[in-house]
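First chain A sits with chain B, and in the next complex the same chain sits with chain C.
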Partner chain A sequence: MRCIINGEMIDLPAHIRTVAQLLQHFRIHEKIAIVEINANIIMKETYEHTAIADGDRIEIVHFVGGG
Partner chain B sequence: MLQIGPYTFQSRLLLGTGKFPNIDIQKEAVEASGAEILTFAVRRMNIFAPDQPNFLEKIDITKYKLLPNTAGAKTAEEAVRIARLAKASGLCDMVKVEVIGCDQTLLPDPIETLKATEMLLEEGFIVLPYTSDDVVLAKRLQQLGCHAIMPGASPIGSGQGIMNPLNIQFIIEQATVPVIIDAGIGGPADAALAMELGADGVLLNTAVASAKDPVKMAKAMKLAIEAGRLGYEAGRIPKKKYATASSPSEGMSIV
Partner chain C sequence: MDRYSRQQLFAPIGERGQQHIREKHVLVIGAGALGAANAETLVRAGIGKITIIDRDYVEWSNLQRQQLYTEEDATNRLPKAIAAAMRLRAINGDVVVEPIVADADACLLEQVVARERPHVIIDSTDNFDVRMIINDVSQKYDVPWIYGACVGSYGLSYVIVPNETPCLRCLLEEVPLGNATCDTVGIISPVVHMVVAHQTAEALKICVHAQVNRKLVSFDIWHGQYRMIDVHKLKKDDCPSCSERRTYPALQYENETKFAVLCGRETVQIRPAHRGEREWTTLLSFLTKRGIQVEQNDYLLSFTVDSHRFVVFSDGRVLIHGTNDVQEAKRLYYQYLG
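After this line comes the complex of A and B, so read on.
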């Protein structure tokens, strides 16, 4: 499956089907992160059963230093 | 005490978290500042570097109120999107509306700022818009129901201090919500002046983060803001053209 993650086209292994699995794959599941798929914010409680699909535009953002 | 929406704070210093030399110095500076509100920006995560340190993970976030900004937004819609992302973290419901309208001066776009503030208030955010020192705009933001007004002292990161103290005073005098002087503070004297003018708080970042000794400067800013506030509450004397002696004139015949 290919998704655009943070603006980059990325090939994902076939076993990744949910947001939870995606975050685990990149080892960021314990980070403070917010996920948006095709401009819809995905709430944490639904990571386990929110499916990702081929061609999805996924944004994974976090807090960085700023004024 | 500083009251913003439903929250109360002992400290009147709001500290930005950008540009610190490293996380250890930043942590120490945050502690020295006594700040209870910390601002952050929302950015894409580098998913290929999961071990990269993140400041938020190094502090006890239950001790602070997080104030994400909408920096990077050029329209109201972009600002709202960033605010929603920040809120979805489950860590905050306050937002600093920051919609930049000019790349060189980083001055805010008043129209988009007003629009974003209105939209975010409707969604139930605690909204603190960063504005220029425009008195009428401050009034309009206030009429919308924003929870604080944050006029800039001078351009972001410029360290020029308060360029138009008269406008700042006008804003403060008509304000029905806290006024927090945001951006442009260079040294402790600038922060103290803001407080002496009657501001409810000061938000600064570069002045501390880029100081030669950020920890010491954080402490200096804390003290300056406390001193300025005390001075404001004490009521300074009016300025007079000529001298008035401090020593009594009675009994002067001995000389």
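After this line comes the complex of A and C, so read on.
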């Protein structure tokens, strides 16, 4: 599956089908990430059953603490 | 006034907006890279009053990006809030500058916000514990605050307006662990300025009563990424900070001496349970008797035992450099200062 993640075309391994799996793949802790797919924000409690599809434009924002 | 002529020519501000800016009070929490740049921009813009809180002192590794400080400040280990205030007053003498050398904990922040009633709080801190406190104080006293953070070449910013936008706790179900974001990755100055550009633009909008940007902005200035996300759907009906059932969890103060490892600095900070001025004379004579050399200014004293450098602030706090181990720090603290 190919998705545009944070503006970059990325080939994802076949086993990644949900937002939760996607975050795990990038080692981003789900509770501190904000995910938008095709300009729709995804509620955290639905990460496990929100499917991602070929060609999706996905934005992942993670919070950092530095300053 | 000619001083602000270019800013007044900018139509959304105008002469009227400039007058509004002049009447506003901003609270900047943290006087590191973000705090220094936020403060300088707002002082140059002609803000009425700025209060700046910081617990730390100037070190050489700060000079690469913390624009208010000089080599002399680092040599003298001047507290950042004091060094910042001196520079800010030199930049614009019309602005009232109030420095506070202290740890921005729940107790202090509530006190300052309740007393000063600032119009906006600007986050320039380096950890989420403080940000959650700012988040609760903002809700409790109905003061907007502007989150800003950066690491490496990545940064983000978001404006929290009580009763209007989701709060930080709505967006973050958990406080992120510091490790992933700390000094190990480094930081470049341009991303600091990008974060500050967003924070100060929003602060000016709040000052002139213009509509703020409701979106979460994030960017990577090295890799050329920039995005804005509409997060209004993330507002939670049961948020413990901003919903009707709020309890302000970050303001529940536990009255105990706290030991905290400062991210990436090989330093442990100790905050004693009992506040107030630390007694210097006993400590000084104790150290002198042992032949330990002490350096001192009006705000802190420091000394080195073995490979550990102790910095003792007059408000009671202590930094122990040269360890990441809380147990070891406890031992050293109680050995020399307890």
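Here is the rule we go by: the second predicted complex is superposed on the first by the 60 of 67 C-alpha atoms of A that agree within 3 Å, B and C clash if a C-alpha of one lies under 4 Å from a C-alpha of the other, contacts with A are read in each partner's own complex, and residues count from 1 in each chain.
Criterion: contacts are C-beta pairs under 8 Å (C-beta built on N, C-alpha and C of every residue); 3 or more make two chains touch, one makes a residue touch a chain.
This one's a predicted model, so the numbers in the text were calculated from it and none came from an experiment.
Q: Based on the superposed arrangement, let me know which partner A:I41 touches: chain B (first), chain C (second), both, or neither?
A: So A:I41 meets both chain B and chain C here.
Q: With both complexes superposed on chain A, which partner does A:I5 reach: first (chain B), second (chain C), both or neither?
A: A:I5 sits against chain B, while chain C stays out of touch.
Q: Applying the touch criterion given at the start, work out whether A:I16 contacts chain B, chain C, both or neither, answering first, second, both or neither.
A: neither
Q: Quick one: chain B or chain C, who's touching more of chain A?
A: B
Q: By the touch definition at the top of the document, which applies to A:F26: first (chain B), second (chain C), both, or neither?
A: After superposition on chain A, A:F26 lies in contact with chain B alone.
Q: Can you list the residues of chain A that meet both chain B and chain C?
A: Shared contact residues on chain A: 6-7, 31-32, 34, 36, 41, 43-44, 59, 61, 63-67.
Q: Using the touch definition from the top, list the residues of chain C that touch chain A in their complex.
A: Going by the criterion above, the answer is residues 30, 32-35, 123-128, 131, 148-151, 154-156, 171-174, 176, 178, 180-183, 185, 187, 192, 195, 216, 218, 225, 227, 229-231, 233-234, 263.
Q: If you look only at chain A, which of its residues touch chain C in the complex?
A: 6-7, 29, 31-32, 34, 36, 41, 43-44, 59, 61, 63-67
Q: Report the residues of chain A in contact with chain B in the complex, numbered from low to high.
A: 5-7, 26-28, 31-34, 36, 39, 41-44, 59-67
Q: Which of the residues in chain B come into contact with chain A in the complex?
A: 16-20, 26, 39-45, 47-48, 50, 54-57, 66, 68-69, 71, 81, 84-86, 88-91, 156-157, 183, 203-206
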